[in-house]
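In order of appearance the chains are A, B, C and D, and numbering begins at 1 in each one.
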């Protein structure tokens, strides 16, 4: 069996090279996935001109098709998002909107094109919102054909209304590291299981 | 003008006399409302046999009608909820379900019976979920006829995956006290404005 | 391999024997699961005295332990919920609250006790709310250890603000039947894959 | 008293001059507001280069400041959004992210700069999601200082998984027209009441 691959989509609002807490958490996820023989790539979505719309290619310089190719090539897709106003970022919602187009794409067996791929979630914010962002992402990703492993989310946020960022912490809290470890372990296992036994097509 | 009154509905899962962090935050809200000449009552909903359903009275020992009378008599209703699984409690959702019945109730002018009443929200959890619980509550309460003042929510939750309760803190964080102060100031003002100038009926 | 089993939890607000649209949709899910050699049981949760709280047994006549036994014995758990105020029902949230206790339960390998079980979702309402209820349920269920298959939700709701119930339709809309078929196909496949290849424990 | 003004922000994904169902519903809202002597302007946000970020001006050609001026000048702000994947659009979330900056802006009395402004919501989708988009918008808008009138949302969506658009309907459903009428009546009244009696500053 060829090695599994993971794609992390960083949905921060800040273009490179600005520091990103989401980037830090995603790098920890990718490191953990590495211990399960998953090799990965991380893309900062805001660095690309991803047009609003719900087609696979909105034309006219739209750079989503570059990211879409990476999505289609990956076994595991990890969406990393900051929290703004208690919600996932506008970039994360933009990614879901663009993935919506895949609902009409099928493979040679007539199955949705994203079947057998596993999705996981990483959320960071100063305070409050990770469970909700996770809920929105799971639902959107499962709707278009991803599968979600047990406890496939890791997150950090501080106390209510505080302002320290994840990347400013002296060390990674043990509970976060533990959640990241579980996400990687279950998602890698599930992707491998689906590689070995893909979903059947409709009769 | 007669004094304004507030009703706080504590939607904790724990029957009296168990300690409740939600109760603590609601008592702080009621104290702040007191400084604006609003007198209040707090009810722990789980102490009543509030039946599942969407009628004003489900019969057969249903105790919602007792709470409903207090709702109809109040100028301000504050919903206090703990966070479980990142969501408002099942008791809070039960309250919304029972308030749903008011959509078919109108006053002598044909206006929805809850018009001119103001709703506010208080949320506490160990970690993560306050904005989402607030969103769900605002929407449900506005749908049935309540009005929501500027910044009408106060909340506390700790760092991701930590376990200390609000009532165990040595002191109330200044940011929480500040949010509570604003909630009381804007909600009392708005309730007074709507008392003086009620919503017009349809032509 | 012994046959797979499914448990459907009907989270309607209406005690038996009242007609339930959720019951109808769940029965369609169970029939489809049957075509994949999954045998099932449906429980109407509101018929049991499920106490508020977050322990596996709240004592004093709490009937959740009876339902919990069925959950622990099932390979697939389907949560069926009506929509009230745009949200899943208070009964569905109650189920999530009670499942929260499983976060501290582990099996003989030290894995969360719900690992290797698959969850799916069925939502019905007169109008509007299925995606949101699905999001809340996926997140809560994955948090406690369930795995979610591709497109593991089926739902129906009518046009905005209309009042016909699912069980009053002349026939099942084709799109709903199709969603139900997919849910059963992917969930049965995934449960079988996880039976064959359970999640590994932490090193 | 000078006339009240309303600003409608159309958060469709489609740049002008493409037809927009959101635009149709917003135009109906604006017409109804007109019957209450509120004059209005509608802006299609996607026609402007609104940069990701949470500052009032992200610089470098950012066109949010043009829209921000209109927000600050309006008494009533109506957010209109389509539903994608069951959520408000990425453009609507972008608007909330940009409004987040106003949390640090105060007027000459030290009050949040958005105090005394009223927000309302209009949501359209093929199917399912209006209540949830409404919840997210109410919470975000109230957090930054807007006030929400009773029943301040209007919406349309069709039956589950159907594909007809609002702008393709032969006529406006009566329930939608009624919701739009109420939104306008309560929001105009509340904006007028807050113009006459602004929120007090902190002591």
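To be clear about the criterion, contacts are C-beta pairs under 8 Å (C-beta built on N, C-alpha and C of every residue); 3 or more make two chains touch, one makes a residue touch a chain.
None of these values were measured; they are calculated from a predicted model.
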Sort the other chains by how far their Cα centres are from that of chain B and give me the top one.
A
Count the C-beta pairs in contact for B-C and for B-D, then report the pair with the higher count.
B-D
Rounded to the nearest Å, the gap separating the Cα centres of chain A and chain B is 36
Mean-CA-position distance for chain C and chain B (Å):
30
How far is the middle of chain B from the middle of chain D, if each middle is the mean of its Cα atoms, in Å?
25
Counting only residues that touch at least 2 other chains, which ones in chain A make the list?
85-87, 131, 134-136, 139, 143
In the complex formed with chain A, which residues of chain D make contact?
13-15, 46, 52-54, 84-91, 93-94, 96-97, 100, 136, 139-140, 143
Quick one: in the complex, what on chain D touches chain C?
85-87, 127-132, 134-135, 155-162, 173, 175-176, 179
Contact footprint of chain B on chain D as seen in their complex
112, 114-116, 131, 134-136, 138-139, 142-143, 145-153, 181-182, 185-186, 189-190, 192-194, 196-197, 199-200, 202
